[in-house]
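Take a look at the structures below.
Common to both upcoming complexes is chain A, partnered first by chain B, then by chain C.
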Partner chain A sequence: MIKFIASRLAEAVIVLFIGSILCFAFIRMLPGDPATAMYGDQLLKMSQADQMRIVENLGLNEPLYTQYAKWLINVLHGEWGHSYTTGEEVKVMVTRAIEPTVVLMLSSTVIILLLSLFFGMVTGLRRYSILDHAVTIASFLFMSLPSFWFALMLMLFFSVYLGVLPTAGIGKEGAGDWLKHLIMPSLVLALAHIGYYIRILRNHIAIIKEKEFVWALQARGVSQRKILFKHLLPNASIPFLSFIGMSLSLTLAGSVVVETLFSWPGLGRLSLKSALAHDYPVIMATILLCMSVVIIGSFLIDLLCAWIDPRLRNQLMKEADK
Partner chain B sequence: MNEQVLTVKHLSVQLETNQGKKQLLKDVSFNVPRGEIVAIIGESGSGKSMTAKAILDLLPRGFTPSSSSVYFLNKDVSAMDKRQKRLYRGTQIGFVFQDTYGTFDPMQTIGQHFHELFSAHMKISKQRAKEKTVQLLERVQLTEPERVYDSFPHELSGGMRQRVQLALALALNPVLLIADEPTTALDLRIQADILQLIKDWCKNTGGSVLFITHDLGVVAEIADSVVVMKEGAVVEVAPVDQLFDQPVHEHTKQLLHYYKELTETPKQTGLFDIEPLVTVNHAKKTYIKKKWFQKQMIKAVDDVSFCICKKEIVGLIGESGSGKSTLSRLLLQLENVEQGAIAWKGSLPFRKGIQWVHQDPLASFDPRWNVEKIVGEGLDYWKEKKENKHQQVKEVLQKVGLSENILSYYPHELSGGMRQRVALARALLLEPELLILDEPFASLDMSSQANILSLLKQINQTEKTAILFISHDIRAALALCHRILVMEKGRKIEEAGAKELSDSVNFYTRRLLSSMPVTHPGRRLQKQTTEGEREYAHQNG
Partner chain C sequence: MRRKQKWLVNGIIGYLLLLLVFTGLAPFFTPYEPGAVGLSAVLQPPSAAHLFGTDELGRDVFTRLLYGGRVSLAVGTAAMLISVVIGAGYGAISGFVGGMIDRVMMRVLDALISIPSILLMIGLQIFLPHSLTAVVLIIGMTSWMPIARLVRTETLSLKGEVFVQASAVVGASSRQLLTRHLLPQCLPTITVMSVSGISHAILSEATLSFLGLGIPPHEPSWGNMLMGVQNYVLSGIWWIAVFPGLFITLTVLAVTFLGDMLQDRFALPQFRKGERLL
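Here is the complex of A and B:
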């Protein structure tokens, strides 16, 4: 077990290292530079010497590998640098943004789990029923509608016409207010992908329902409810769970749009803002953080799957053993 | 005394499809008296398993049985309510099925399966359930029942899983045991053990058994009376002796004829042509299996020498894990020998001269290719003979007894016997000097087995192809081969002509021979003498 975790950790470090190199290089290939982004037209009016001084202050005159080495050494010392635009410490900015994003992702995952477990199971057991067709149509609808449009429609309906939900920001006046602010963004984030989850669970329930052991259990006189929750669901949930692990990055990518639309002060909005401003240190920090979230998330899902499925458990052990 | 446990009266089953109704079972009627073993025999697709499912009232959706056709202890099963049905299925009837892996939930231990069964029908503590389970596992002669209790299904071998299934079926002391091809996928020796267990249970508890099989040998071994089914209908019901001695229906006679072909006592003796085709000299192959802390060496093939002569049919017999398949892979040069040598003396180059027919033909076909493409593929890599490929494919199909109509069929549209023929045709197309057949009968029913058997003999005679026949089925090998090699744990332990082998004095070979089912129910008593011998062999591993 410890071996398995250690090997996964080592993998994670390698992935993060390679990822950071790629990001570092690609960000600097983008057209435009931080100086222009910061000063705009004013930069052109400055003297050549002033322009050079600004670039030098930002440390951008050195060769790329020196820049990267310096950045890496600083990061390993826990020093992430300061934002080019606000001058604030990157560490502070990012830690402030983590919590809202994690809250948003967790709440949308809970919505996804509740809805897709219910609908996936019901439609898997009763394929081609009226409910199944309705759910299929609805999930394709949500999958194909762009989430920004859907978000705007929700705002129009709940905020403008009904006036029950706030359009933007995070609630700070008590739990009720906080929840009200959370509903729409997490709903949009969840519904954008929920179709995949429902269909995966539906198909696997339908496959496993036909397996001989289900038949054997019936013939042994085990009740339907027990068969469903003790046998069908655990067997069908493995592909479902690993899909959740894989789609973490999808959810994170979706959160950029959702957070921007709802002015949610999370990582997604921060990374978009910093990317527009060529705020190199902030971009690096947010990207690496997103990578770690995905890596940790899928690791947890793997552990969960191994916990449920003994065959997977053995396989993971063996892999770590090599 | 002769109370009927199960009565099936005019049972019919219909399937509703888009193209209208399809009659799957027609007017099936038979009885299972208390304390007797009734066998249903028929080819695949004759409706045997369908009948079993209808008896449990567990037909899949879309299949409608005729009502009031199944009576259990004189009670109409279709009139039971949900709770009664659950009790009926769970406590009154036990069942054992062919697929030993699929009938277990892969995510639960064997112990959990038992516990669930117990707690579905009675209040029982976990401790008590475990005690009972271990007792049951001991009763089906599983060594280390405690370890089996904590194992997952995939950690057990097929034979062990079948014993567990039997223990599960007998756990609640049912009145009737339904066994659907319980031994078809197993070694003959394990088959003999399982049959003995079922017989013992029947004798000791007075329970009844409904035994479904396609193998007349198993019927001769175990049944008291026999129901013969064909195309969804019962064609003959008779006591077992009468069925073997005076069959009435044409289909029964046909089955008996096939069975005779399969169990023919060998006439040939080996080695009439001494020109060797391939010689294997002290071949050795070891696999290394990594475990947690140690490496385990598995000697798959250990110092084996033999030769196959031209035009000869050589059988390679052994139980699963004896190294037969590894040896065939070495011959095909799919793997290399560690020590020793394999020398090829044929006129064609090494690999071209050898063709292989896979154990599971379906797995060796590309599902998106039709028969013409599958069979003809060999020619694509052989530049000299590419012309009139279509004609050649047609000819070779004719050789294996298939019409050219099936050229455009896809693998899933073929029956098991046809698939095996297509695989044979593919191998024969290149006119090999040696055919390697790996368990060619494993997935076939009796009549297809008999047909393929005579086809192989014919090919051997007309095409002068040498054949290496790999199987655990010593019965089929005796009927087909000129010479037989017996392997155990990677070693060749005996080599003899087919005729001589039946009188072998080798202990292991005798054990294999004694696990063959009797050819006629009248011989059961004779066999009792060897029973003790087998028991002894068991204890000595």
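Here is the complex of A and C:
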């Protein structure tokens, strides 16, 4: 087991390492070298010696790998530089934006879990029923909706016509207000991907339902409910869980759109705003952060899957031993 | 489902054909120019003269939808082609060469996949000028990873097949093996992936343009028509937002169904795990 965890961890670290190299390469390819970015036109007026000194101070004359190492150490220490537009420390801006994004993602995950567990189970058990057809069509529809347009349509209905839900920001006047502000953004974020979850659960329940061990259970007179919750669901939960891991980056991408539309002060909105303003340090920090979250998240989900399913665990442990 | 599928198939193909005809022959179906500004008829609701109403500059929404459809469909297809070429090439090489190179290539892929696609597009956008070609390149270069992964898996398993080894034994070069045996065998997978790639690309174009990172405003596209409509929507002017979105949704839905049916037709085992969904 330890060997398996270690090999997975090593894999995650390698991916993180490669990702950080990509990010570093990205920074170095940005238009304009760091010295010009810092001093602008003044650099041209300086004497040759002064220019050399600046280049030396910034460490630009060192080999690339030393520069990368220094950059990485800075990043790990949370020194992400200052925003080009506001001059604020990037670390402060990013930390402030984390909480709203986490809230949004958690609430949309709750919606996804509740709805897709229910509809996935029902449609998997009764395939090709009317409800199944309806859910299938709805799933495909939600997969095809551009989420920003769906958000606009929700706003049109709930805010303009009914006038019941607010369209922007986080609610600050008590729990009810807070919840009201949260409903539309998390609904949009959840429904954008819910079709996939429902389909995955439905298909797996339908496959597992026909397995011999289920027939054996039915023949022995085990109640349907017990078969469903003790046998079908746990078996179907593995692909379901691993999809949550895979779709983390989809959800984060979705939050860029959703947060921008609903003026939700999270990471997504921050990254788009800084992209439009060409605020490189901030973009860099958000990309690095999101990437790390996705990699660490899918590592944890992998572990969770192996912990739940002994067959998977054995197989993975064997692979790790090789 | 089987019996009902026939009308579904016909409906989808009919819709797509109709769309191609209408967008392709746009000038025959509308008396207006897509860029014709009519300041006397700004933000008119749908009427007989303007089927889908007019936008904030008095341009006919229906006309712009037809012309915009050209751009959206072309961008979608072109971006998909780029992503298929990169993805199939990357995957085939990684699977064929194997060993250390394969492992490094796959870890790079993992790293790229874990960056949320919009952030990746935003990052790329900095290096490319604001233009139609740039949007095609950006979408193509950020959506090839799932194809690469599938093609790699397939190449890996095909490499061990007898017919591949036999031609290696009689002296086929690596290039011949790749282009004559491995890639053609991956064609069904690639076809299915490229169809669903079109819907992904259309959605990406719409999102990018909506966010102001996509196609330059003077060129109408479905996503572009939705750029900056939020304030109008909030004041109840629904038609400039509803119709473009409806067309995006219908088209993406039709293409997605098409991909799904192709996949059933080919009965590809590797899609059963839900992998294609990414």
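Everything that follows uses one rule, which is that the second predicted complex is superposed on the first by the 251 of 322 C-alpha atoms of A that agree within 3 Å, B and C clash if a C-alpha of one lies under 4 Å from a C-alpha of the other, contacts with A are read in each partner's own complex, and residues count from 1 in each chain.
Note that in this section contacts are C-beta pairs under 8 Å (C-beta built on N, C-alpha and C of every residue); 3 or more make two chains touch, one makes a residue touch a chain.
In this text, all values refer to a predicted model and were calculated from it rather than measured experimentally.
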Under the stated touch criterion, which partner chain does A:N235 make contact with: chain B (first), chain C (second), both, or neither?
first
Does the superposition put A:V13 against chain B (first), chain C (second), both, or neither?
neither
Which partner does A:K226 contact after superposing on A: first (chain B), second (chain C), both, neither?
first
Looking at chain A, which partner touches more of its residues: chain C or chain B?
C
Thinking of the overlay built on chain A, is A:I295 touched by chain B (first), by chain C (second), by both, or by neither?
second
Determine, under the contact definition given at the top, whether A:V110 touches first (chain B), second (chain C), both, or neither.
neither
Identify the partner contact of A:I308: answer first if only chain B is touched, second if only chain C is, both if each is, neither if none is.
first
Contact set on chain A toward chain C in their complex:
11, 14-16, 18-19, 22, 26, 29-31, 128, 133, 140-141, 143-149, 152-153, 155-156, 159-161, 167, 196, 199-200, 203, 239, 243, 246-247, 249-250, 252-253, 256-257, 260-261, 271-272, 275-276, 278, 280, 283, 286-287, 290-291, 294-295, 298
Residues on chain C engaged by chain A in the complex (per definition of touch):
1, 107-108, 110-120, 122-123, 125-127, 199, 203, 206-207, 210-213, 223, 226, 229-230, 233-236, 238, 241-242, 244-245, 248-250, 252-253, 256-257, 272-274, 277-278
Within the complex, which stretch of chain B touches chain A?
56, 58, 86-91, 93, 95, 97, 99, 102-109, 116-117, 120-121, 152, 154, 168, 290, 292
Residues of chain A touching chain B in their complex?
211-213, 215-223, 226, 230-231, 234-235, 308-311, 318, 321-322
